[in-house]
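Sharing a structure, written as structure tokens. Questions coming.
As written, the chain order gives the labels A, B and C, with residue 1 at the start of each chain.
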Amino acid sequence: MKITDETITYVAALAKLELSDDEKDRAKTDLENIISYMDTMNEIDTSNVEPMSHAFPMKNVFREDVVTNGDERDNLLSNAPVKKDGCFIVPKTVE
Amino acid sequence: MAEIKLQDTTPMTALELSTKMKAGEVSVEEVVKKQLEIIKSEDEKYNCYITVWEEAAIARAKEVQKLIDEGKLADSSLAGVPIAIKDNICTKGELTTCASKMLSNFKPPYNAEVIERLEAAGAIIIGKANMDEFAMGSTTETSYYGPTKNPRGVEYVPGGSSGGAAAAVAAREAVIALGSDTGGSVRQPCSFCGVTGIKPTYGTVSRYGLIAYASSLDQIGPIANNVADCASVLEVIAGHDAKDSTSVPTQSYQYTKALVDDVKGKKIGIPRGYIGKGLDEEVKASILAAAKVLEEKGATVEEFDLDIVDLAIPAYYVLASAEASSNLSRYDGVKYGYRTSDFEGLGDLYKKTRSEGFGQEVKRRMMIGAFVLSSGYYDAYYNKALRVKALIKEGFDKAFEKYDVILGPTAPTTALKIGENLSDPLKMYLGDIYTVSVNLAGLPAISLPCGEDSKGMPIGLQLIGKPFKEADIIQVAYSYEQARIK
Amino acid sequence: MKSYETVIGLEVHVELATKTKIFCGCTTAFGGSPNTHCCPVCTGMPGTLPVLNKQVVEFAIAAGLATNCTITQNCKFDRKNYFYPDLPKAYQVSQLYLPICRDGGIEIEVGGVKKTIGIHEIHMEEDAGKLVHDEWDDCTLVDYNRCGVPLIEIVSDPDMRSADEVIAYLEKLKLILQYLGVSDCKMQEGSLRADINLSIREVGAPEFGTRTEMKNMNSFKAIARAIEGERKRQIEVLEYGKKVNQETRRWDDNKDTSFAMRSKEDAQDYRYFPEPDLVPIEISDEWLDTVKKRQPELRDEKMVRYETQYDIPEYDASLITSSKKLADIFEATVAICNKPKEVSNWLMVETMRLLKEHEMEPENIAFTPENLAKLIGLIDAGSINRTVAKEVFEVVFAENVDPESYVKEKGLLIVNDEGELRKTIDEIIASNPQSVEDYHNGKTKAMGFLVGQTMKAMKGKADPGMINTIVLELLQKQ
């Protein structure tokens, strides 16, 4: 699998990362090696195999619809880098 | 009370130590203070810890002493025992960094389920152990807090990602420790540092409060100086937890009952792929010698073919990276952790925070993860990996129709020198060849010392069990350990 | 100009009426100070894990059954990955590969023509938080109270061709969901939100045109205006020989126009994959049967029952069942007073009038069936007359007062003391000799005047029948 500059720019954008030119070059080499290695999976025919997300067939794990939590605002905001009026703060999102 | 010297307390097993504390032969505070002294004198060399809980541990020692005096911890094998916790396990109000700049100031407002269980058993958390950043790495070199060094030779890596935890136990900086194992992160550092560790069956130990790397593969596991201590710790932390949907209720969690020196009639299989190409000759000799010991003790040992071992690594790195890219997206400088100081607008806040807060290896895996899930590649990589995973599981299922336990090396080599592997990620990934398939199939496995190479570095023996049959691997490991001691 | 056809499909997000959020034990109550209905799980703190609320699955199944869907008996959750501050984990737990319901449809009727609107799928997911702009600091405040509230997203097929059909579909959907008790469907609180996918094509064209998606609609009226506005805009674009861009647009109801939302700087690539922290859901036949048996009576069945059991006209039944709330009040009130037609009249006439006057929806009705029954009881016992009753009802409607104590307090009870009434009428007759004369001269209208004067003197608290009888008797004695 050939990894292009566009691919690196695209996956960096998806992962919300800003890469320097050096980092991009390095990522290109690394990803190309790694993805090519991943391509070895194609050596085996899996057309008759169902994808397996969970190793064990667990099913139907539920909780009942009962309120168990109270107000934990101070705890939740205790790690916030910036906060105001009981809220987390981000740069303006609406135009 | 008798004067206790460092060497009197520390080489003891957790079980012996706890027994002495419960018998009043030594106080919990004395033990904890001795433990802190050792850390003070040793940790400059090894860098096992990110945070040492000096005051909290002493305060806690007093509380636990009171409980012991009241007879409330009579049944606990861990009462008063100092334990190191890998720094990706949440501890309420105390730094939990994942060895990342991103979480360098994060104090969770809750405890992981395992912490609750350890505290109820009277164990004393002595500190938070170093690790590869977000558990991504096999050397503990990717830590934001600097690499941990191998107590068996400081120029060597301790393995990873639970390198700090394994090294702490090896350096007597903790009696026992908790690590986490996503692709070998408990077993491989145990192998490199000459200690013992268990990766439990997926679903045995609650993941609640374990900061996720790859959710479908992560399991918390014990690290100790011997099999019995590992079994005791596992007994305390294992159990169904309603807060973790993937927690599997099983019939018995009494692992210490399996501490029986007897392997007669046990059927042990060695996959040929585990002792073939790529395996260091000295490691191979040591593993086969261990198999011989078990055979002499009455087990039947034979070699067999385990299919598609080679495809476990690519499948593992596809799945782990994909899940990691999703799990680590929440670190954006808004709710907790690092936030860049200079940005313009939301997109810039996200990008700068994440680019400055994460290290190279973490960024690399997030990009791999984004790639294999991205539009047009999902089927070729992610779905393909899920199918390979199914085949690997099937291969193990078939093997376990014949064998009780699968035996092999934990790692293809002994510990590498610091810096040797960092430049080539793919080379580092290949070192996980014998461990990752266990995580893909959800199986339990133990790594325990079985010798040294010519440089004096430890070799780890890996025993893999059937799902939820931790008892099998504990019994075989214990029997082997007894034979080695004698 | 060519002749165009509008093609519309809807994605309707419905907040479910569970007590707790989809993956944690936090309350779903509307409002509350910011971030007080949150916990480490719904705010996506590191290391936390989701556990599915069983009621969410049952509500989703109920909605699927009532909309004639096939229930996916082996379904699971997936992660939809994207960065936005209202989504604390940077992924939304949703369903892509195996949604819980598929291939359903509901019948609507517009201008007497019946038509089935297909339902492509219904999936379960978690709601996001709320972003509030802070003018003072020019930043955005993030409140996660709604984050993790369970939603079902009902995705229709592109089967609608006009705003009328869209409104009929939404009304029908809303009614079904309310009858099921699955959601309160309050649009102003955001518990029912519709995204509109709209495209234009020449009549007879085999292919659909390029569609746009419009968000931010908070009333049926806004939806109707948005459809009309977007239809015109797209036709204009096509008439100028340009192409419609596939984009998301925001409808601004104040400016009566839509705007392209700033195109996201990155392509939308949600990188869905199966949620590893949740296990699959298996809906057994038994479970499905249990939910089926619990399905409440829906509108059509209810209408038939009202006509037969309560013997009220079809028109009444149709009007009352047009709102679950009205139907509930109707049944509860009848259960107390056993006067179906009377209850129906109060709901259809006075209640409807007041709702319209106050621009309210039936869901917002505040009075209790007990108080309506008491009011009917008062009329029935002859304790108040209808004129007074209407005045009292206005107060009951506004403040849900107890009519019995209210009429006592205000002295509105009918005076049944015949002696006092006779005395008053004597006085009225004595002071209106002209009217008496007129009456005897054959002007029967004069009697009405005398009755009116009496009622006025009695401040409306007299029984009109009794006044009539006495006035007639006394006049004839003259």
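Remarks
Convention: a residue touches a chain if its C-beta (ideal position, glycine included) is under 8 Å from a C-beta of that chain, and two chains touch if they have at least 3 such contacts.
Chains and their UniProt names: A = Aspartyl/glutamyl-tRNA(Asn/Gln) amidotransferase subunit C; B = Glutamyl-tRNA(Gln) amidotransferase subunit A; C = Aspartyl/glutamyl-tRNA(Asn/Gln) amidotransferase subunit B.
Being a predicted model, the structure only gives us computed values, none of them experimental.
Taking each chain's centre as the mean of its CA atoms, C is the chain most distant from chain B.
Compared on C-beta pairs in contact, B-C and A-C come out with A-C as the pair having more.
Centroids of chain A and chain B (each the mean of its C-alpha atoms) stand 23 Å apart. Work out the mean CA point of chain B and of chain C, and you get 55 Å between them. Mean C-alpha positions place chain A and chain C at a centre distance of 39 Å. For chain B, the set of residues that touch two or more other chains comprises 106, 108-110, 216, 242, 245-246, 325, 329, 332, 334-336, 346-347, 350, 370, 374.
Each of residues 40, 43, 45, 51-52, 83, 85, 142, 265, 269, 271, 276, 278-279 in chain C touches at least two other chains.
Counting partner chains per residue, chain A has residues 10, 14, 16, 53-54, 58, 61, 63, 72, 75-76, 88-93 touching two or more of them.
Of all residues in chain A, those touching chain B in their complex are 7-8, 10-12, 14-19, 23, 27, 30-31, 33-35, 37-44, 46, 49-56, 58, 61, 63, 72, 75-76, 78-82, 88-93. On chain C, the positions that touch chain A within their shared complex are 18-20, 24-27, 33-40, 43, 45, 51-55, 57, 76, 83-85, 131-134, 137-144, 262, 265-267, 269, 271, 274, 276, 278-282. Chain contact summary for the complex, chain A toward chain C: residues 10, 13-14, 16, 53-54, 58-69, 71-73, 75-77, 84-95. Residues 40, 43-52, 79, 81, 83, 85, 88-91, 142, 265, 269, 271-273, 276-279 of chain C are the ones that touch chain B when the two sit in their complex.
Residues 105-110, 202-203, 216, 242, 245-246, 248, 308, 310-311, 313-315, 317-318, 325, 329, 332-339, 343-347, 349-352, 354-355, 358, 363-364, 366-372, 374, 381, 383-391, 393, 425-426, 429, 440-442, 467 of chain B are the ones that touch chain A when the two sit in their complex.
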